[in-house]
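Following: one structure in structure tokens, then a few remarks.
Naming follows writing order (A, B, C, D and E), and every chain is counted from residue 1.
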Amino acid sequence: MGPIGENELFFLLQGLKWTVLLAIIGFIGGGVFGILIALVRTSKHQFARLASSGYIALFQGTPLLMQLFVVYYGVALLGIDVNAWVAVAIAFTLHASAFLGEIWRGSIEAVPKGQTEAANALGLHYVSRMRDVILPQALKISMPATIGFLVQLIKGTSLAAIVGFIELTRAGQIISNQTYRPLLVFGIVGIIYLMICWPLSHVGSGLEKRMAKAAR
Amino acid sequence: MGYTFDFGAVIDRAPELFWGSLGTLGLAFAGMLLALVIGVLGVAVRTSKVAWVRAPVIAFVEVVRNTPFLVQIFFIYFALPLMGIRLNPTITAIIALGINGGAYAIEIIRGGVESIGKGQIEAGFALGLHKADVFRLIILKPALRAIFPSLTSQFVMLTLTTSVCTSIAAYELTSAAQRIESDTFRSFEVYFTVTAIYLVISSLMMGIFALISRSYFNYPTR
Amino acid sequence: MEGAVLNSPNDQSTLISLDKVEKWYGSFHALKNINLSVRKGEKIVLCGPSGSGKSTLIRCINALELIQDGKIVVEGQLLDGTTKAVDAIRREVGMVFQNFNLFPHMTVLQNCALAPMRGRGASRADAEKLARKYLERVRILDQAEKYPAQLSGGQQQRVAIARALCMEPKVMLFDEPTSALDPEMVKEVLDTMIGLARDGMTMICVTHEMGFARQVADRVIFMASGEIIEEAEPETFFKNPKHDRTKAFLGEILAHH
Amino acid sequence: ASVEEIKSKGTLVVGIQGDNAPWGFVNSSGKQDGFDADVATLFAKELGVKVQFQPLAVANRIPALTTGKVDILFATMAMTQERAKSIQYSKPYAANTISLYAAKADAVKSPTDVAAWEIGVPKSSSQDKAVTDAVGSTATIRRFDDDAATIQALISGQVKAVGGNQFYGQRLDAASSGTYERKIDFLTTYNGVGTRLGEKDWNETVNAFLDKIKGSGELAAITKKWMAIDLPTFPESIPNIPFTVK
Amino acid sequence: MEGAVLNSPNDQSTLISLDKVEKWYGSFHALKNINLSVRKGEKIVLCGPSGSGKSTLIRCINALELIQDGKIVVEGQLLDGTTKAVDAIRREVGMVFQNFNLFPHMTVLQNCALAPMRGRGASRADAEKLARKYLERVRILDQAEKYPAQLSGGQQQRVAIARALCMEPKVMLFDEPTSALDPEMVKEVLDTMIGLARDGMTMICVTHEMGFARQVADRVIFMASGEIIEEAEPETFFKNPKHDRTKAFLGEILAHH
């Protein structure tokens, strides 16, 4: 039963470092593949649509913890040793791309058909149609949902504890079990999360305001 | 590695998994309903023109979205009793899920509301409708349609989040699984089985939402 | 007798008045010193070049735009952004938008039945009966069960007109109500509007249908660059326009037809 | 990997608990510490290799061993028949007494007195098993993630009693001095070192090592250091839990 | 000389041909047995009552609607939903939508510069120069930095026209391009279109501006209920309509004006 002092706070900050790194991996992997999933999911090809909706159902529908577990331990059962970083990168990318893909798919479909038609009538090819016309409008609709998910992803990095990362939540648990002050420790952990997630919300509403300039 | 799978032990405990699944479904549906109510009411207030009306909702959203669910559920379960409010694990779990899901739902739905053309709102006012009617009859449905996949995703996430409720000893699938695992030590078998059950539950959820979407949002758009 | 009703409304009270109204969009001066007063039963035609502020003006009358200076009074109520009665006023003022603004998630019938049900508390059956009546008037009853996205441009415009008529308002604001219609349909819709005018409805109509202006209007108002340039009875307006800008504009209309 | 392979590799990967003070935990300077850590360090010294700790959660201790992520478990593994089917236990090297703790004000003499109570335990722990066996049919068992949450549940009044081990008394006293006391002792369990089934070399090496430190007094010293108790007496055998590979 | 270019295009090759085209929206039969062939440089005016299928027809030519039967060939390419070259064809076919479909997140200038930059790979500077040129032609260059939501109805329509012209296409499809304009502006826009016609552009234009039809069209096509009822040179069409439906329709136009 100990007090919460400098040492403990420093330990939490060490955890924070991992949290941030893991979140960055998730953002990048999820963002890149999420866009791909969203585009495939809204494509003309029936098979591609079906495959991508299966992908989304699978990786949205199973707990991230299980995905991590399967990638790290399950693959090891097959005799392939997976490095913890690789496991985390794969699992987070699968998870985040499924969610972001579905969020963006929805907002792409929410852009009025007339916009696609106008882009088509201008003879724009697929890439330009998406990049210049559809995605900017879709992004605006999806912004609150996207920020919401990224914030959840930051917090979801705590699950990486199962493959041995002592990130923020795990560090909090450890300290809680040493000091027997779960409320205080998790209160501090909560505040640290608040401090790293808040800027993200802030960036989100800033982007929203910029895009609102062109509101109809 | 010479690991041989043996699902016998897991199959023996099928009834527990079944009741655990029902617990998860119950928590998920109740939490979702509460989240939807909070989301819709919250967004009505959140999109108000008056700053001091918006402020509490914004604060609620920021605090709840940016702190871990575990912290929230711990707070309700362990800290509220110190202030004289004692709730049992199931009620605690539902409230925590509802509040957490509600905060995300408010923001998601707001995205939809803001995608509605100004002309729609003006037309509603021009017909002499009250603010509340304009929101309820004119904005809400197209707004929900615009963000429905995001909302579905959030609710699938909420369904999976029910597993955290095991930490305050609420009865659901993960706690059943953990018990089976600690009794049998068939970790892989238990995890695979539970993952499959979660997949079934969330596919069910996605299916229900797809059905709602298909019957409720089936109007054509330009 | 009809002519008498048409040209001298029996009630002389002022229903709408605008007094030194100024409207800015950011740094763009959209309405400049607008003074206008409309008596009960009066019909006004508003015309002028594209971008001259016609839509802005009628939107202000329905409190859809905030003004920066001046006063607008509708039915004795000052519109100043805090008016509690604004919903009640709007219930008496029907409006047909230039771009229709139909509700995409409601069928044509639901679009039209909405205001009677929610605004006046009519039963669904009564509201739908009323809706059918006005849909029939604009010859589009056969499309009652379709959604707006399934209609042609002209059909949408007629639904927008029917929807506003279903409010059975005291005042109607029309923003180019026949722009998307073919000549046959233009005639039918104008005939409907003439009928309304005969029944004593107050009307402000943005249009370039000069036949309609001649036949129905008590006054024609010509706007340019946010200002009211000229205001006169149709006869005088068409025969002896005072202002050069008006002359040029009318020259176009006459040459064109 | 065999013992010989580890010796030539020079590093022993030990699976250990990361958050179960004082058994095994990562201290706030980020170092693995605790009773198990000290014993494992001695073991590595015995083999002449470096020790590398892999902190594990309760749930993934056995998978980590069976998939070869760790070489051996010094992970507060209470010896049970079921677990003995998945891993090979050594001779016992630590003991754990499980008791019921409740407020002094509540009179409890025997397990029948707690019928219809809500009782908290850390899930999947030995306390869980002991309390469930003893009163699970009459009382409501609430299973929490860890000791900290279990103790907090008692303090918050969410449960009337908890099933705890020998450390709970001092922790409850620190939280609320003089309010709680030990009521009933259920049983004592023993911890063993875990190795993979059938790997005779590991089992024999560990048993020999344990005999040695029991004899030399090193284990007694470590026990005193972390638990403030004398070395318990260990049973020679436990039914259905073999200490050696046949 | 101008007249010669106008009435007998020097290239006789067929640019667009529709053969027994049938289009259904669900159970609604929108286009019935449409046969039409347009030579290079030809100007066609499409008219008919509201809901008769005019917009649907020109949308089909740009492959924006799938047809259920028949064949559409544009520039030698069969449009059958699998055509790879459809983007390339669309790059040669400009279109002005009845409801404009401007891109709300881009300024007027960006709306117009997009196609030249992305379709033809022009540099930004060149594309903007082109955009300014056509914006000037429809008298709206002063609004270049505004967003569509900040424009009046007529201004939006002119931007839509400029945006299509910026593609400098071989064929233009106009869907009621002057519906939201005042008479002065109508004249200016029609003059612009006459200029394009003189330069040899192929055009299909849905309009009820009969002056324009008389002055420019090689053929006038009259549709009703999804069918082509009558098809003739303007002179014949206006003076000797064959079909009763056409006569009734034209009667309205003439009476009306």
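Assume contacts are C-beta pairs under 8 Å (C-beta built on N, C-alpha and C of every residue); 3 or more make two chains touch, one makes a residue touch a chain.
Keep in mind that what you see is a predicted model, and the values were worked out from it rather than measured.
Counting steps between touching chains, the shortest path from chain C to chain D takes 2.
The chain with its C-alpha centre at the largest distance from the centre of chain A is C. With centres set at the average Cα position, the gap from chain A to chain E is 46 Å. Between the Cα centres of chain A and chain B there is a gap of 17 Å.
Look at where the CA atoms of chain A average out and do the same for chain C: the two points lie 51 Å apart.
Touching two or more other chains at once are residues 69, 73, 76-77, 114, 140, 182-183, 215-216 of chain A. Residue positions 1, 3, 74, 78-79, 117-119, 145, 188, 221-222 of chain B each touch two or more of the other chains. For chain E, the set of residues that touch two or more other chains comprises 99, 149. By the document's touch criterion, interfaces exist between A-B, A-D, A-E, B-C, B-D, C-E.
By the touch rule above, chain A contacts chain E in their complex via residues 114-115, 117-126, 128, 132-133, 136-137, 140, 211, 213-216. Within the complex formed with chain B, the residues of chain C that make contact are 59, 62-64, 87-88, 90-95, 97, 99, 101-106, 114-115, 118-119, 147-150, 163-164, 167. Partner chain B is touched in their complex by these residues of chain A: 57-58, 60-66, 69-70, 73-74, 76-77, 79, 99, 102-103, 105-107, 109-110, 112-114, 140-145, 147-149, 151-152, 155, 158, 169, 182-183, 186-187, 189-190, 193-194, 197-198, 201, 208, 212, 215-216.
Within the complex formed with chain B, the residues of chain D that make contact are 58-60, 62-63, 66-68, 82-83, 85-87, 120, 123-124, 128-129, 142-145, 149, 152-153, 156-158. Against chain E, the residues of chain C that register as touching in their complex are 25, 47-51, 55, 98-99, 150-155, 158, 175-176, 179-187, 208, 211, 248-249, 252-253, 255-257.
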